[in-house]
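Two complexes follow with chain A in common, the first pairing it with chain B and the second with chain C.
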Partner chain A sequence: MIGRVPRRGVAAYAGVVALVAAVPVVFPVSPYTHNLLTFAFLMIAGSLAWNWMGGFVGQVSFGHATMFGIGGFVAARLILSGALPAPLAWIAAGLVAGVVALGAHPMLRLRGPYFSIATIGVGEASRVIFTYWEGFTGGSSGLSLPIDPILKYQLYWWGLGLAGLVGGASWLLRRSTLGLQLLAIKADVEAAADVGVSATFYQDLIFCLSGAVVGLTGGLYASYFAYIEPSDLFGFDRSIGFVLMAVIGGLGTVFGPILGAVVFVLLRQNLLASYPELYLGLYGGLLIVIILFEPLGLTGLGLRLARRVRRAREGRRS
Partner chain B sequence: MARFIDLAFSAILQAGLYATMAYGLGLIYGVLRVVNLAHGGVIMAGAYLGWVLFERWGIDPYLSIPIVLVASFVGGAAMYRLLVRHLPRGAAGGPASLLLLFGVWLVLRYAGYRLFTGDDRTIRTTYSTDAVSLFGSFLAVNRLAVLGIAVLVPVGLHLLLRRTYLGAAIRAVAQNPASCTIVGIDVERIYTITFGLGTALAGLAGLLAATIFSFNPGFGSGELLKSFVVVVLGGLGSIFGMALAALILAVVETFAILVLPSYLTAAVGFVMLVLVLVLRPGGLFGQRVLG
Partner chain C sequence: MSLLAVRGLSKSFGGLRALDRVDLVLAEREILGVIGPNGAGKTTLFSLIAGSLEPTAGEVHLGERPLHRMPAHRIVRAGVVRTHQIVRPFPNLTVLENATVAALHAGGRASGPAPVRAAEVLEFVGLADRADRMPGTLTLAGRKRLELARALAVAPRVLLLDEVIAGLGPTEAQALALLIRRIRDERGASIIMIEHVMPAVMSLSDRVIVLDHGKQIAEGTPAEVVRDAQVLAAYLGPGGAP
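The block that comes next holds the complex of A and B.
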């Protein structure tokens, strides 16, 4: 059950996505900007999907890199073997990652910090194991994909399409009965069970979906980067990236992860070259400030500003 | 057989380090029910503090133990007063405290890079490479000292918790903070002291680790994860449980070399962490509050 979906909202959303899709056609942007935007779309899709679990269900995962890496390497292997064209390989990667995510079932009984710690363990163990598994990941030297300039150019729209779909799905999820059930689980597992909301079932479902989307993103990332190595794709920094994007943008909101991913990509791109470590301090500081003062992150800050502006305007009128 | 004895000794020495790293995390969790994700950062900071004291003022790392303890205590108490105290508690506070302290860790790492660059550092004393021979195995003097301290710390903690008024107050707060306010225990003060104590122990662990390993500002993440394994395995807050758990972790890790390719032994601790959480969330020895 999704309830009444406002037509105008859907139209406006489709319009925005279409506008962004038209940008490279209408304005000739530099290849650098083109690629940066592509990367931002991938990160948007990933952080939105992370937010289903971390924000909607309230189970903060520090291990999503596992699904990202599995998706990346499954897609890379399929493309390299020539078995499937790239788009189908990405979808296969997403499916595999979703199935692997179902393996988290026994962990989903754990709540709060216990769950988070277990995900750190899974993430780090998979990094070690997949780096060792040379037959699949190429070991520490990684895998190189054939460089395909046309595909890389087209990835802009593939990435945008993915981000657009996942964004729409997040919005529907938030509005749906399922979204309310997830909120109930987040607020109180036992009370949710009393009214017939099975935490086990819905957490499995959402973790599987979230993992599948992150795996799909990993598949696109493999094509985008054309060179992938397990210590990067399965790295702790990847997992942290999803957490930071969603939390900085606004944990549990629909719009937050999008905003967070854009800020994350821009900051990283502009700071990494000149101040390689500044991002640590910046993200750390942001995290502290957000948790203490504005748990809804940048989205919450925006809402607060909007409310103040509206109040000021009403004050002037009266 | 000689190889077996070598491995056994190295496991015991390793256990000493793991236990020292875990006590602080376990103490804070046991009393405040907060997972201190900044733990790894404090371990790193303790290592650098020891390094600065040694390089600048020539203070021997073992003599700088009290300095590091006091400095980390003050840092931890400040962290509690300024940050952790303002968090929502209970079910809603779980992810918030985790994320906040993770932010603290990132800031600490950044400070480490700014102050000391990313270069690897070591504390090299005149006795750093000394070893004693026992049953044909060579044991590094530094590792033996760490083991000695790892045995002294839980004894000291036990005495503090069981024999002093402060210890009784800490245990009472761990069990039921609401009732403590009725009998006149200043709960916030106890929390501050406990957080300071836990941080001091993490700083100590960092200092001790620095006498054995080289380190850089990224140091501490592996240590944090090992500490998790020990705390969870030992039953979240039980001090002697943690010591035993450290021994189990070290033995399993060390002897895994016999059956696993050496590269994969790095995953053993992580796999244990997940298995223990899933199979025995209360720890191997059942849950006790600060025994």
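The block that comes next holds the complex of A and C.
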């Protein structure tokens, strides 16, 4: 670890999570809002984990839907067979997705755009394979899980718990010596090797962890939606979604993906309802604007505003 | 017994022989200078020893341990580390964090927390007061010191210095030359240094080898090498020798 974990920061973080956990108990929110928030928590967990690879290591994956889908279908199959209760099925889903993510090893020799293009290929190939693998995924008609209103209601706290843990993990990762090595790999993979950092090892490790968390998220999503199909879970939209959330919030920042996921979910929910054919185009435009003008996304914008406010205050004082 | 032994080391890029059967040995606590005109294969030699490039032929041994065909990061852990002629700090990490990343890979050669050892190394190279700055805010001399600090943080047994002094003003050049000598004397590292700044090579090196067109054309004490006719020809062209 670099430095000690500040107690105040941990307390504040735990406080925020506890407040959010208390919301449905204290305020009577509509089932719609309740579910939307649950979905947002899942996306927060997924985008935070995507950011470990895309933001910290700098390897932008357009194929995380593969792990999301595998997690979703593994969890669904385990729940349907009655082998495991839902929470254990989600964990198993995460483990399977993590192991599958290790299969990215050969791709991780590639860097930058080459890696990204390879992940698009693998992501799309997995969508096709799992759509045809009817025995496992139910093919294009998908799988239906038993409707469980109580579990769906409780998913709010499962989702929040997962998002809270992954957020805490991101923060620790960024501050740890492991995180330093990831940033070194991102900056200059050869110079990192010249001071002893094995890019191969750390990229495999982080892709595995990131894939496991996204798989876990997929497992929760299966229970949340209760009906899953391969073209949705393995869809390119999903992969793009993880990229967008992290980029909107601030690529490589610790908590940016949380902001990004919230904005993404809100936009998606409103646009999908009214302009289903427009929303991907809007995301594309948003992505271009952010990359051109504020590469650190909303986090960068926030920092810039804070600086300006501080400067204005100092100006007034003198 | 030599610390580092290079035998018949060669590298071809297509038809070009960048390095052609070079042999050298480095003794414990020795400073070996490597000189030669541009394109002589000096940096290629370092890249091969450090594992950034795979040799076409030849062997590198650290003591009994073969290093050729090991990946770069394992060679560092074995105790051989290089610096780059064009400095390559991690721009997204502070000066201290830059050194810390390296300090994590000292193998069994150092004990204690990496950040503490990194801070000690920054103190040694004279960057302690800039530990929390970003590398981009340092002067060229500062970045060269950081490059040195990062290499020293792995507690190397063999240090490969690629033009650490070149490009600096006379005062800084002298300060860095002094630092290189202190690395050998106080930290016990053996050093191979590529350098164009002749006064520095001549005063620091115990021995010098000369490369030209990938071949080793001379070897000896600094005084012997400067009198060598082949060396003068390589630098000044045939007939250039007085």
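In this section, the second predicted complex is superposed on the first by the 317 of 318 C-alpha atoms of A that agree within 3 Å, B and C clash if a C-alpha of one lies under 4 Å from a C-alpha of the other, contacts with A are read in each partner's own complex, and residues count from 1 in each chain.
Convention: contacts are C-beta pairs under 8 Å (C-beta built on N, C-alpha and C of every residue); 3 or more make two chains touch, one makes a residue touch a chain.
Keep in mind that what you see is a predicted model, and the values were worked out from it rather than measured.
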Looking at A:229, would you say it contacts chain B, chain C, both, or neither? Reply first, second, both or neither.
neither
Who does A:116 touch here: chain B (first), chain C (second), both, or neither?
first
After the superposition on A, what does A:107 contact: first (chain B), second (chain C), both or neither?
first
With both complexes superposed on chain A, which partner does A:188 reach: first (chain B), second (chain C), both or neither?
both
A:198 contacts which: chain B (first), chain C (second), both, neither?
second
Residue contacts with chain A in the superposition, chain B compared against chain C:
B
Tell me which partner A:125 touches in the superposition: chain B (first), chain C (second), both or neither.
first
Of the residues on chain A, which ones does chain B touch that chain C also touches?
188
In the complex, the residues of chain B that touch chain A are 35, 83, 86-87, 91, 94-100, 102-111, 113-114, 118, 217, 221, 225, 228-229, 232, 261, 263-264, 266-267, 270-271, 273-274, 277-278, 281
The residues of chain A that touch chain B in their complex are 54, 58, 60, 106-107, 109-114, 116-118, 120-122, 124-125, 128-129, 131-132, 188, 236, 240, 243, 247, 251, 277-278, 280-288, 291-292, 295
Any idea which chain C residues touch chain A in the complex?
50-52, 71-74, 76-77, 81-82, 84, 88-93, 97, 100-102, 104-105, 114-115, 150-151, 153-154
Complex interface listing, chain A residues touching chain C
2, 177, 180-181, 183-184, 186-188, 190-200
